[in-house]
């Protein structure tokens, strides 16, 4: 018997990089958390402890800071393209570099009825990008994370399978809530990424609000279809939608009826619905 | 030698209660997390295992749901007054009841250019209230939690003590950031609590933005002074302000100068500045 | 243009199930968190809101509790086999069922110099299992999560790539620390899973301690090789090893030298090393 | 109207300091997280932005590292005494210094049937100390944090108040579980702190195991009484005991009876029982 190396990868996670751009009339502020991964032929490092082909994760960190300085003002999708390019250049044994970025958006504080020039408050969601680059080409995805949505009606769940372990009643009217994580793949590079990303997020939120939901899967598909329709440069979109259950409290022991008024929000367990909506060119 | 009972208290933490009010043209949604505490003479329970004077924490939970149904639409300050009143009535041995509530605000999703009637997205901060009631009277406080603020300039830190462990350079220009938790005490009950709370939060944020800061303490005091000035029914305000350090990255190893452009946001350690600003009637 | 459904799956996460087995002389206690996933043809649910083929996630929760009662005392690998079997039977449209279980081990409290019969304290790591079942066969994996390990010497890192972003010095002696997550695949079912799992964990820990490490990758491979050697029924093992950096503090500003005595443990960023060691039958 | 400064304090939180002591035959490793607070007359800093009396929190961090080097091998109680002494000396305006330390214990990995000389695995709880020093004297406390305990029987809860919101049934046999945080005050300094702390933790755990519990309060008091009896140098002990509820699952919808076999562990809400047991010298 012997042992061999299967799939491996390594990198740096949680590189925090904030930047300030100092314009005459205002400052722009950005706040990123960057994850970097390399895949390739790193057999000697594993088997022999020979680090000749290893680009240290500390260098990935340094390069992130340096590139953030050199390419001030770029969007996270572009930054991912730049950083993966550096990484494949610096690590000859690497066959693939992946950079994931979470951007924490900040909104300008209102002061005197106007957005302040250099003071900010943190927004409630995060914007994401992921670039995967091989020696041949690069794939650019982007998305949102932890965008929490809730509707108090227009959500049903009925007609499902019943068996000996079924206790859930059918319902025509429930609270539907989720903490949306979505990731879409761009059909090409060179886009106004920020504009597409803002539009995709807006469409997903508006569709969630307006949809007459028969299930979380049903709403997932409707959001995906609407984003693909409204964003021609999005090739496909994947959603990860935890079902943040809100359960109507049984008030009958207290001699009261609960007409959809009082709910308990539960943490665990939670449903988790995942799906990809793809563009069909028939 | 013998043992005796010193200070004790007990209660229920993390009671999640969400409510929907169904108007003809819209739904209102509220999302609270309630903590309940009782203090009093519970010696027999501790020493003898005699639970005659113990109101179970499970009953505190049930009462929270029932009162949320009965008093639909009240603000969290009023709910704290109602729940503490029930608690002292239900537990004769209790001398004090404290109810703390965190309200997670939700904002209406924009759909078709208008706020949607029944779909919401979670806001980035929380609103709080705390009511402490004895057999004689009740104290009402309120505040905000985890309101994250940042400014990219107008923040200095200099003129401090230097000793053998000092390495921090003086600075005229740094990033100042915090996750604000504030709690103010109302001078009386029967107020339009929501209105005062919104105004206090607005003033604190605007003062943070506009202040020419010499330190986090300096900004804390300025915010407190402004809230007391703008909110006549606030008797005092306490802040807990972690200093979310943003450290300028040393780019010199890469042959670059960093003119306040690239920062690393650090998690630990962090400064923690706490202080109360009180109204003086001289 | 049209839209279609790509890959999708759904299930329940975070099902907490604890069980007590009441023997004459002692109680056994187990503490599991179960995640369930189904994949298959759920197109109608997504596109039309037709739930005919949907097994509700609430039913998955109920089935978990009921099976835990019926099959008291089984190991988590066996439970995954049972629960996936139920799931494929209950959901005709499903082509694959996956069940992941995290077991929180509890150790008996010592009382009077002996392990207590029914009182426990929580252990510092978790044991895991994952069963993936199709209509044809089932795959059984298991592992450990968050097993935190540290060694104060016998760890070097040198001979790596240097470029313009390199600032990390080479070192012959550093602290090496990780929070180990490992998952191995069993070569067959019907094993004494607990025995193999305990042996794999023991070997990994002992190898971590004894290895003369040239890098985290080097230690990863050594641990994998040792587990494969010592556990004939393990086909392959995958590690996810965050590098919990301990950085020597620069004490020179205080006029002191630091000979590997005082370190700061950092949270972010952290290296993340992943790799699979496979059995070779040449 | 005017504003004034009420109670204020400031300091550094989350200072991570790990130390290695290199003996000939083994290494000792310690892992601390230190919080520092100062109180005093810092009015000018708040009102005028005058930092003359401010010892920067960054200096507190530096002093922590330097003292850890100078006083290698001391227990956390002694370190708190040393660091508070430095702080009052360095900050003339301070009237009180408080240092809280959480020590993460690590246990030696077993290798070849023996404890390894320099490889460790993290224990499941933390040890704490807190020193509060004024210009006159110093108070030393210590404790444990997040020590999770559970018993499967010998726990009842009955005879409590019933009212219109009561739904909890009385029980003679339930699971009792908690994540213990305890803090005791030493009667004097100059003790073998580690020995007392180990004994106090052992006694609390053993008492939890053996006690015939009528409520969490009842067990709290029994643990406190036993620690005071067994540790003559402990003046008083305070417990904070969340009640980690384990609720018997209703299996009747599945046609099964649940004889205390299957439970769901819930996260929220949870009971929270706090109390101090003091030494009486009558």
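Note that the chains take the letters A, B, C and D in the order they are written out, and that residue 1 is the start of every chain.
Please note the rule applied: a residue touches a chain if its C-beta (ideal position, glycine included) is under 8 Å from a C-beta of that chain, and two chains touch if they have at least 3 such contacts.
As the structure is a computational prediction, the values presented were derived from the model and not from experiment.
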{"item": "Degree value of the rotation bringing subunit B onto subunit D, based on Cα positions, nearest 5", "value": "180"}
{"item": "Farthest-lying chain, centroid of Cα atoms versus that of subunit A", "value": "D"}
{"item": "Pair joined by the larger number of C-beta contacts - C-D, A-D", "value": "C-D"}
{"item": "Separation of mean Cα positions, subunit D and subunit B [Å, integer]", "value": "24"}
{"item": "Mean-CA-position distance for subunit D and subunit C (Å)", "value": "29"}
{"item": "CA centroid of subunit A to CA centroid of subunit D, Å", "value": "37"}
{"item": "Subunit D: positions in contact with at least two other chains", "value": "16, 62, 66, 165, 167, 253-254, 267-268"}
{"item": "Residue ranges of subunit A in contact with subunit D within the complex", "value": "164-165, 167, 253-255, 267-268"}
{"item": "Contact set on subunit C toward subunit A in their complex", "value": "1-16, 33, 35, 37, 42, 45-59, 61-63, 66, 90-91, 157-161, 163, 165-168, 213-218, 220-221, 224-225, 228-229, 236, 238, 242-243, 267-282"}
{"item": "Subunit A contact footprint on subunit B (complex, rising order)", "value": "16-22, 27, 29, 31, 62, 65-66, 68-70, 72, 106, 109-112, 116, 118-124, 147-154, 175, 202, 205-206, 208-210, 246, 249, 251, 253-254, 256, 258, 260-266"}
